[in-house]
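We call the chains A, B, C, D and E, going by the order they appear; numbering starts again at 1 in every chain.
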Amino acid sequence: MKLVRSRAKKVGMPPGTLVHIGDQTSKRVRITVFEYDATSFQERQLSGPDDIRVAASQKITWVDVGGVHDLAVIEAIGQRFQLHPLLLEDIVNTDQRPKLDDYETYYYVVLKMCYAGQRREDIHVEQVSLILGTTFVLSFQENGGDVFDPVRERLRTGKGRIRQSGADYLLYRLMDGIVDHYFEVMETLGEKVETVQDELLDNPQPELLRSIHALKRELIFLRRAVWPCREVMSSLERSESSLVQGATKLYIRDVYDHVVQILDTIEALREMVTGMLDIYLSSISYRLNAVMKVLTVITTIFMPLTFIVGIYGMNFQYMPELESRWGYPAVLLVMVSIAASMLIFFKRKKWL
Amino acid sequence: MKLVRSRAKKVGMPPGTLVHIGDQTSKRVRITVFEYDATSFQERQLSGPDDIRVAASQKITWVDVGGVHDLAVIEAIGQRFQLHPLLLEDIVNTDQRPKLDDYETYYYVVLKMCYAGQRREDIHVEQVSLILGTTFVLSFQENGGDVFDPVRERLRTGKGRIRQSGADYLLYRLMDGIVDHYFEVMETLGEKVETVQDELLDNPQPELLRSIHALKRELIFLRRAVWPCREVMSSLERSESSLVQGATKLYIRDVYDHVVQILDTIEALREMVTGMLDIYLSSISYRLNAVMKVLTVITTIFMPLTFIVGIYGMNFQYMPELESRWGYPAVLLVMVSIAASMLIFFKRKKWL
Amino acid sequence: MKLVRSRAKKVGMPPGTLVHIGDQTSKRVRITVFEYDATSFQERQLSGPDDIRVAASQKITWVDVGGVHDLAVIEAIGQRFQLHPLLLEDIVNTDQRPKLDDYETYYYVVLKMCYAGQRREDIHVEQVSLILGTTFVLSFQENGGDVFDPVRERLRTGKGRIRQSGADYLLYRLMDGIVDHYFEVMETLGEKVETVQDELLDNPQPELLRSIHALKRELIFLRRAVWPCREVMSSLERSESSLVQGATKLYIRDVYDHVVQILDTIEALREMVTGMLDIYLSSISYRLNAVMKVLTVITTIFMPLTFIVGIYGMNFQYMPELESRWGYPAVLLVMVSIAASMLIFFKRKKWL
Amino acid sequence: MKLVRSRAKKVGMPPGTLVHIGDQTSKRVRITVFEYDATSFQERQLSGPDDIRVAASQKITWVDVGGVHDLAVIEAIGQRFQLHPLLLEDIVNTDQRPKLDDYETYYYVVLKMCYAGQRREDIHVEQVSLILGTTFVLSFQENGGDVFDPVRERLRTGKGRIRQSGADYLLYRLMDGIVDHYFEVMETLGEKVETVQDELLDNPQPELLRSIHALKRELIFLRRAVWPCREVMSSLERSESSLVQGATKLYIRDVYDHVVQILDTIEALREMVTGMLDIYLSSISYRLNAVMKVLTVITTIFMPLTFIVGIYGMNFQYMPELESRWGYPAVLLVMVSIAASMLIFFKRKKWL
Amino acid sequence: MKLVRSRAKKVGMPPGTLVHIGDQTSKRVRITVFEYDATSFQERQLSGPDDIRVAASQKITWVDVGGVHDLAVIEAIGQRFQLHPLLLEDIVNTDQRPKLDDYETYYYVVLKMCYAGQRREDIHVEQVSLILGTTFVLSFQENGGDVFDPVRERLRTGKGRIRQSGADYLLYRLMDGIVDHYFEVMETLGEKVETVQDELLDNPQPELLRSIHALKRELIFLRRAVWPCREVMSSLERSESSLVQGATKLYIRDVYDHVVQILDTIEALREMVTGMLDIYLSSISYRLNAVMKVLTVITTIFMPLTFIVGIYGMNFQYMPELESRWGYPAVLLVMVSIAASMLIFFKRKKWL
């Protein structure tokens, strides 16, 4: 994840100019069209944008596009569905903030799809554009992927409400699929936080700084992706357009609740992570203290002793103690008692 | 308490699919039905969901369910009371955020029940779902428990307003029982904070880091559980539905006041706990300072002395002092005066 | 001041049950009744709640109750003035948050009375309940006390607007008296903050940690007591009930301004206190640095010297220097020049 | 600047009692009256409040009062212009928060006048009360001073819009004069912040702590003085009273913009200053590190060497090395190589 | 970038007085006039303000002014287009906060233009004033520059919507050009943050303090420049004036989205940078710990050894060990075992 994506090539372009901003890929764009009503269902894999047509008025059409790097395809679809140039520009610029744009005859929803990578540590973020018309839904993913698979499966089997309901319910199901994946990511992050936390209290190491920093970064990213979703869902729920029916709003409120819950969790994790650096610093300081106590104890005991033995190492000719028979043992005794009293002193001060 | 509960198995499920998210248990679900009006009262322990029926229109029915892990039971109750599938899904998913959902003919309230465990240190959090209809209240607890016991007792003895009032008053009493328990938990936490605080100022130990961290965590959890209650109560109070009568709103405002008071206390405790790490760090630093002063004093006194005795330990053939009769006492005198002046110096600098 | 007051005994009680929460006392409740209009004034000390009666409609009655621990008294007054059970419950539960409850025929105001104790360091907080009816005001203090004395005096002498005005003006005067005392408390706290601040910059001592912590705590408490007053005053000012007249609203806005000013000051003091710990830590660190420089200078000067004298203390048979006539003075000279160059070096590095 | 001004003498006073809160002074109150319309202009220095009278209805009267400590003067003016007692109380209590009070027939505006003292370091804060009537403006300053001088000059010369416009435009000019001085103060503070910042990065000294603390304090004060101005200006701009004409509102919006800009700058400076303590602490820590490295290097090099020379200073009779002809040079060589390898080691670890 | 620009010379000036606040320059002001409609286009470089005239009503006129330091030019333009004196004052005072002022017959928009300097590290901020009339747009830049070049190019070639649309669309294009440049600046800053971050974790050096401080400062500046843009765009979008047409509002909303996205990024970067100082401090502390461990290990090993060799360096006549044949090797053995056990001890404590 880069903090700021390069949009340099876009500077100075007039609005509506399609410039793909995102990871380059040469994969072919995958277009699948689903047409269904309560009784019929048809799924077609298209070879190009020219074959798209909206089904007869009673049926719901879902055009599911995987890949937004082929500008010709996007433009062709745009013309077919009479989409606004600004909207097309937003589809191919994968650096959008999640939002809901009301184009009167259709809604444009941008969301961020988050999913854990194969190594569970990596979190991938991908932009999903959804367009809701009266009888159709268009969806644009950067790479495609399996987030929408359960919805496709449902459509094929025809179980549940989905085939009986309108395009707005399909939109809900797609958004619900995206938001559900956030929970998975939150879980991964939650576990990471717990792990780092335990290590932190047991054995503060500088590598933990790196982990804490990475966690903080991921949470900042995630928050940027999820926070605006709240507004998107709440706008949809309060929408007075005929595009979203009353019955579907109950479901959208459910997605809204999920988004709020995810934001709550992100905030809680952020607070945890913020507190970690303080704990790290406190632990390090305490250990420094312990180290210094050892140093001080050693120095305090041996410095006076070394001084004493130094005295009797002097070469003065007239040092009466040196000739005394009991000088040596007496000095040893004195030194033992000095060391002992020092030890008792430090014991009392709880330094040992 | 885990930071993030696993919902992985739910990903991709269509809405309304009942999947129990929470601690597994094999205990049998306990269903009790209370039917009452001002003059009559009946309490029945049900063997299964099939025996539930709503009482004749003049009576209030309270279906008190302990345990949400048996999906068959939940589904049966849902059918009997014509509850929305999304609502049933929320009942069994015990990872909800407190909320009020308005399903027009009934209200759905999710709250978190907090209570101190047997070892007062542990705080248990449990989800409670409450459904308010015109003449009935359904309550779903994860394990059941004694939070509602005072209400049951009241109903049985028939004292007070409760038997004269409608279903909305019963809902109020149940919510009041839940919120009352928060005070108990706050008290426990308040005492913990005071204890840690006193220890912190007396004797900062690294174990305190663990305690502070745990306190912080508990407060974050509690806040997440209580904060949305505020909105729930305020929505209920402002409700214009006929489900909640004007007279009951005074009582609900009282619960609202309690919730706000608890949030106030949580914020105050959080501020205290946040300040603790700073105090810890400051104390540790001060102590380090004290230790280093001891080390420096010892070193500063003995290093020069050791150097002096070293001089007269050299084996040069021509060292006139060595042969002098007064060399030894003179050196001793010099060293005593050096040590004394050092001590005075450090005394003045307030290092001793 | 305890962080969280025990309400344990209240858990599970039905609403309206009177349970006194607060410091126990066996003092007798003091009830004084003032009846007045522009021309007449009567003050009666009552022996019990039975003697209370509302005066003829033209007069204003103020029932001034000192002590809320005697539940019988509270209940009797409640019956006489037909007060709601929830209100009575709030009077005796002295752990309320300041608030304004609108019971239509009367207003219920809870405020916190703060005053500096005899040792100016202690800040006492006491709950005051005020009830405003059309022609009466009831006031309940925990201990009574002199906060209302100026108002009583005014009533007796009959000077100023007070006797000409209605019950709402009396309420204002009582609230004004409470808020005026906050200024006194703020002054005490402001002085404490200045004192600690000066000591902190002059001589950072660990006892200051305790003072800073205590200040922080007091400010948190005070903020909790004053913050909700803002809303109380603003609600009263915007009130559309006939209980509060337009002319009085100007005065209430004045109290509102005072409350906002106090909150401003609390915030400013809090910012000061929060910054203090950082200053403490920085000072300690700087001093540690100074101590370590002394240690390092001493060590760096004497370690090489001690090493040199150690060399010539070795007992090798063939050490030509030892026999040289100038060996001893030469070594002394070398050592002096080493010490001198070290001192110059440290001087340059500004360590001395 | 004191954090909290003493209002102790006011406690218990009835509202409308005039008590001067502020610095005592015995200077005589200066009253100047300006009467003007587009064609005429008259300026009179009054000897006392009795000479004040409102001019004939076509003219604008500005009563410019310097000094609020003489309560008799204030009261006399209050009677002449029929001002509310609470307003008079606020004029003499110079501890007010900036505010706009709407007394229907006139507006009362309290602002704080900030200006740099003669030594540019000192920032003086003074309360200004402005009263706007239909044809008059009253202004009360604590000491008077030159903030309004440009306005006076303009009136005298009669240039520009001022003489053609109404009382509201005069009010705007006075407020604009006050706000303009904030910019001057901000500039002084901005320079101080830059200076401290540079010193901080170059040579962190404990005296900087004092400077940082003083800056923080001044910014807190300034913010308290300016923040409420925003609301004052915005209320005036949105005012629907006939006191403020539409044409003047454009000008007031300009003042509003200035106030917002000043608040922006204060916030930016506050963030800078808050970050300074962290930088100070980090610098100190880094330096401590450097000092400790020196100490460790010295100790690590000389301790082993001193030990070695100690060995050959022992007086055992049978120490073969001592008699060897090459013992002494061999030991010297060993010691040189130990020292050299230590130095290389520390060089590699980048400690030197 | 200076924190606070000097406005001192403006203090006391009446409103509408033109005083240029900004960097002085003697360059000649460049005035270009573009007149166009769907079919015609004319571009004229003017020698002075006198040649400006608004085109016939069907055409759009864009007066593009580079340089605001020549007050005569500004005043002449102001008279020609009947602009309010306050507006002219704001144009030449380049220290404005971004804002939208509604002068009914025209809109006045102030924005800040940010662009990376030639050395990408420098960020330049310049004020741009835009005035939107029914058929004209005036733009004032401090130095001119290439931000508007793509718009000029578009006008000349006549491609796209721009020549078919009204003045409001031109305003949008100019604002879009300014906001697009923010992305470029954000990218530069994002890269700097990444660089500092990596260095910080690898090798914390005090120079990084300077970099962190500079980054913080730049982000504070940028935030001040961009934050108010949000309100400007949102006001334009919600504008009910005929100056902005419905079709253009879609485009303005797009700019609004960009501004919000930039603010999001600024916030994320700020959080990163704020966390950096903590990481720096933690790293430094950890390294200090490591250094102290080395010191302690060396001291702890050699102090006892030096003491032992000191003992046998004493000159007592009766020290039996000295005469023993095995004394010397025995002492060596004892010392080796002491050193070895110390090393094992430290190994166990993980200090080595």
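Assume a residue touches a chain if its C-beta (ideal position, glycine included) is under 8 Å from a C-beta of that chain, and two chains touch if they have at least 3 such contacts.
On a predicted model such as this, the values are computed, not experimentally measured, just so you know.
Using the contact threshold fixed earlier, the set of chains in contact with both subunit B and subunit C is empty.
With centres set at the average Cα position, the gap from subunit C to subunit D is 26 Å. The distance from the centre of subunit B to the centre of subunit E, each centre being the mean of the chain's C-alpha atoms, comes to 41 Å. Counting partners per residue, subunit A has 278, 281, 285, 288, 292, 295, 299, 303, 306, 310, 313-315, 319 as the residues that reach two or more other chains.
Interchain contacts close the chains into one ring where each touches exactly two others, per the touch definition above. By the touch criterion given at the top, residues 149-150, 154, 159-162, 173, 176-177, 180-181, 183-184, 186-187, 189-191, 193-194, 197, 201, 250-251, 253-254, 257, 260-261, 264-265, 268-269, 271-272, 275, 278-279, 281-283, 285-286, 288-289, 292-293, 295-296, 299-300, 303-304, 306-307, 310-311, 313-319, 351 of subunit C touch subunit D in their complex. Listed in rising order, the residues of subunit D touching subunit C in the complex are 2-8, 10-16, 84, 86, 95-97, 99, 101, 103, 204, 206, 209-210, 213, 216-217, 220-221, 224, 277-278, 280-281, 284-285, 287-288, 291-292, 294-295, 298-299, 302-303, 305-306, 309-310, 312-315, 319, 321-323, 325, 327-328, 331.
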